[in-house]
């Protein structure tokens, strides 16, 4: 399925695997790419915040794009957020040339007013070219930029090349409802909404109007199953599945150590070889690892994928 | 049990009930006080952030202190955080005179360095008097003030009148471990640690060394049961209970609408008459209320207290 | 001259004088009121941020309003910013009853989006009543709330009771130009613009369209002279006067110690009896005092008002 | 004079000149390098925040380092702040190999506690190697990281390779005094202190103990003259010179448009060919340019360097 305003399902936020010496682990990248596809993901997003993108050199970023794009059969989105529009343009156009389906742009933390935000994305689209399809990332918890539904509507109206909203406002359920009702009222064109925040509210987001998830939770296979259950109208079953995973989802949703939890789980699942992060980074204490492992063992009673 | 460095169990963060016209609802305050005690709470904390304290006039604050203190049989802690030390002193001393067990002080958002934080609390203790027992509130998510274990240790060492840490850092599990190991090593005097954050990590905090919880989650009876299970060494049962409540705990832990969820649940449980908040405040949409009610109905399958 | 959309000149941001024991110094308040009027101020604003308003008890606030209003012959504006709308309404209506000309409202720090800001002021006006004339305070440096010209225009359009903008954005010269051109184009109704920021850009703000200043710099007599020079078209003379004062203006414009500088100057000028601030507060070191005094002595070569 | 703990005078914060198409303007870089040296600067700092470093690609950064280092006769410091330590190390070591005298490191905005800050710099030094001399940048106004004197002392004690503090706290005069008195008391080893903040407090910083300035104000020749006057004990003359420049210094010290002012002045002085900034950037309106030009013309009455 192409990347479009009708995109549904789960776009995995890919971690960037490293070897113990901190170099990019391309073998694990291959395994991760296959794993996301086998998990039923309808897309893969690379070089996002949780992909440690700011810690990569430009040539490393391009090598990763090339590797994933050439292997994946699903659309690949490339995070191109950068302090300067020149660097953003360069990575965006290189990525598209290599076969990426689109790019993702997050607002820089300094933006405050609606006009500043709208103006920033106008500049970004001007830089990358309006022929490059893109995802608007709305992530106030980390970026401190708050976009009202009205601002998102203005950006979507200004730029037809924006096909998708990565929604990770918190609290954000009402925002999805508001955007969808603007669309139903014919006041806003269609676009896809995939939700982030590690999946913390994925038990309600689909009913609010989300098309699925864009997150890197260590069980993408569970995320696709969950979205499938909602699509099939099996609300209670969906909640049962979600609730079984919530203790782990919640544990992973700790700013600063969340990525360590995620990499630990992916390593335990045999997908990546090491849980190495590039420095500076926060690692898990042995107690924390034991807590995650205990949560996995509890989860395994309900979901055999967690039996590691 | 007195308020002391050995305090354990659950101190309820009391909401402040209002009538529909916004005036203080003293009848509901009485019911709430009784409810907390019947739920097994070992203490009650009033006039905290989630008690809408900044929206109360001084005479209202005092009337609430008087009402709760004169009714409660457990220790009552009074939030006295204020922009000026004069107002803080006045409320602290009035509260103690009315029979409060102690006060709670949060740092103002402008503090940044360790020295600024330590200096602020030195000024606060100087203002209220070192004969007033108090709780140190560590709540970076809302207050933006981050206290390292070292800063907490300095404050505790400087002020023997500080008996308890209200811990609600996020992520914060390692902080509890660090503080407890300082105490075990004899480098830090004893104090009680009760955890907030709406209970989001209460499935691991007791094992890390917390003495219990200080939060206002709508099921304080579940919180006391949970702490009891941990005290009895029933780890798996504790997690079973916690996990059943986690979907609702998580839903309540949305900044800005969390209090609306909490008041809605307390109203549905028949404890408070209205879910009115003083303005400005954010209310629940009908969809959000239905989501909470759905979570309650799911919870009721496991915990009959949620069958409302 | 009444407080209106045509207000011009200088509204002094009054400090709140305290005696050494921290109690309100009403004798100095009287002297300060007279001093502002003798300095040519066209209005006085009390209970602002630099008036240490959050550290006052409600009854103290009212006593100060009463004292100033009953003595002053110029319009008095009362800062009524408060965490709750109930407290804001109560102080606003009490102040108007005592004879205040209007009130001033600043946005709370949590506001981010245009809609949140516009919504907040709608709630505030609903609370105080649309018969109470008010000043919109735009002070991002301290409040962290950034209002675009578009947001200010929406607030002004929504609320005809808002008569004045206290402008202290930084950088903010373009904002004044933008608002004034909206008015010239007939897209925005008239309102007064007085500038704050301690006067740091008062050498250009009048030409951009500002009607004057609203700040508490220790030489209000210089501020009124400066505005007069601009009104008389004496640009170079205005800059000469401004430049002579800029070293002191700049020194005062240090967040956190600025108020100590201001009170020190007012005390040296014989207007207030002590430079006491309510705690917590930052005071001036002896070196800093000597620096201020040196700046005063240098200023005195140009402006005899500084010969103290 | 080598870069050492005894460095004095003025280290110019170099802007990065661009051609109109946004490419690096090496001819202007040469002219700028010469200009700084002819102005009496004792060092040059490149690739800082005001050098638009985050908007450069790695190969551009290296090309700029090479160009400046090979031309300059004074020590060159290279800003190497980066989201990841790998990139920081790589630029630091490449720069040293090309002949840089040292590097400068600023703390990332997320740091809050003393321990986080101290730990971050330990990681940074571990990454670049303790054989690389470096400058600690203390710039809370932009970076939101506040370092107390105690934290700076800990970093200086931990890392003998740190030779200089770039001080631009605001207010920050007391911080200089505190650090210097720690050194006088023998509790802290020597290091150089050069002050930033665009020179806004350079009329008092030398007397507080600063060794000079590190800023990019468009008149570095005035900065070196000023430091010379202070060194010669000519206090009043120093203030006369400073005061003449203060209106322009102040105008330049507007966050977000300050760099546009600086480049405009450098262009008018014939040092750089265009005032182009890389996008996103804020430019000067024609009114603002006229204001700067008016300030220059006023300055020219006192300082003929401003007669352009």
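Letters are used for the chains, namely A, B, C and D, taken in the order the chains are written, and counting of residues starts over at 1 for each.
Please note the rule applied: a residue touches a chain if its C-beta (ideal position, glycine included) is under 8 Å from a C-beta of that chain, and two chains touch if they have at least 3 such contacts.
A quick note: this is a predicted structure, and the numbers were derived from the prediction, not measured.
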**Touching both chain B and chain D (chains)** = A, C
**Given chain A and chain B, the chains that contact each of them** = C, D
**Asked** Considering A-D alongside A-C, which chain pair is linked by more C-beta pairs in contact?
**Response** A-D
**Same or different residue numbers at the chain B/chain C copy interface, by half rule** = same
**Item:** Whole-Å separation of chain centres (CA-atom averages), chain C against chain D
**Value:** 34
**Prompt:** Where the CA atoms of chain A average out and where those of chain D average out, how many Å apart are those spots?
**Reply:** 38
**Prompt:** In whole angstrom, how far does the Cα centroid of chain A sit from the Cα centroid of chain C?
**Reply:** 46
**Message:** Can you list every residue of chain C that touches 2 or more other chains, as numbers and ranges?
**Reply:** none
**Request:** Quick one: which bits of chain C touch chain B in the complex? Just the residue numbers, please.
**Result:** 22, 52, 54-58, 83-87, 90, 108-109, 120, 123, 127, 278-280
**Footprint of chain A on chain B - complex, ascending** = 170-171, 173-174, 177, 200, 203-204, 208, 236, 239, 242-243, 246-247, 250, 254-257, 285, 287-288, 291, 298
**Complete:** The residues of chain D that touch chain B in their complex are 112-116, 140, 146-148, 150-151
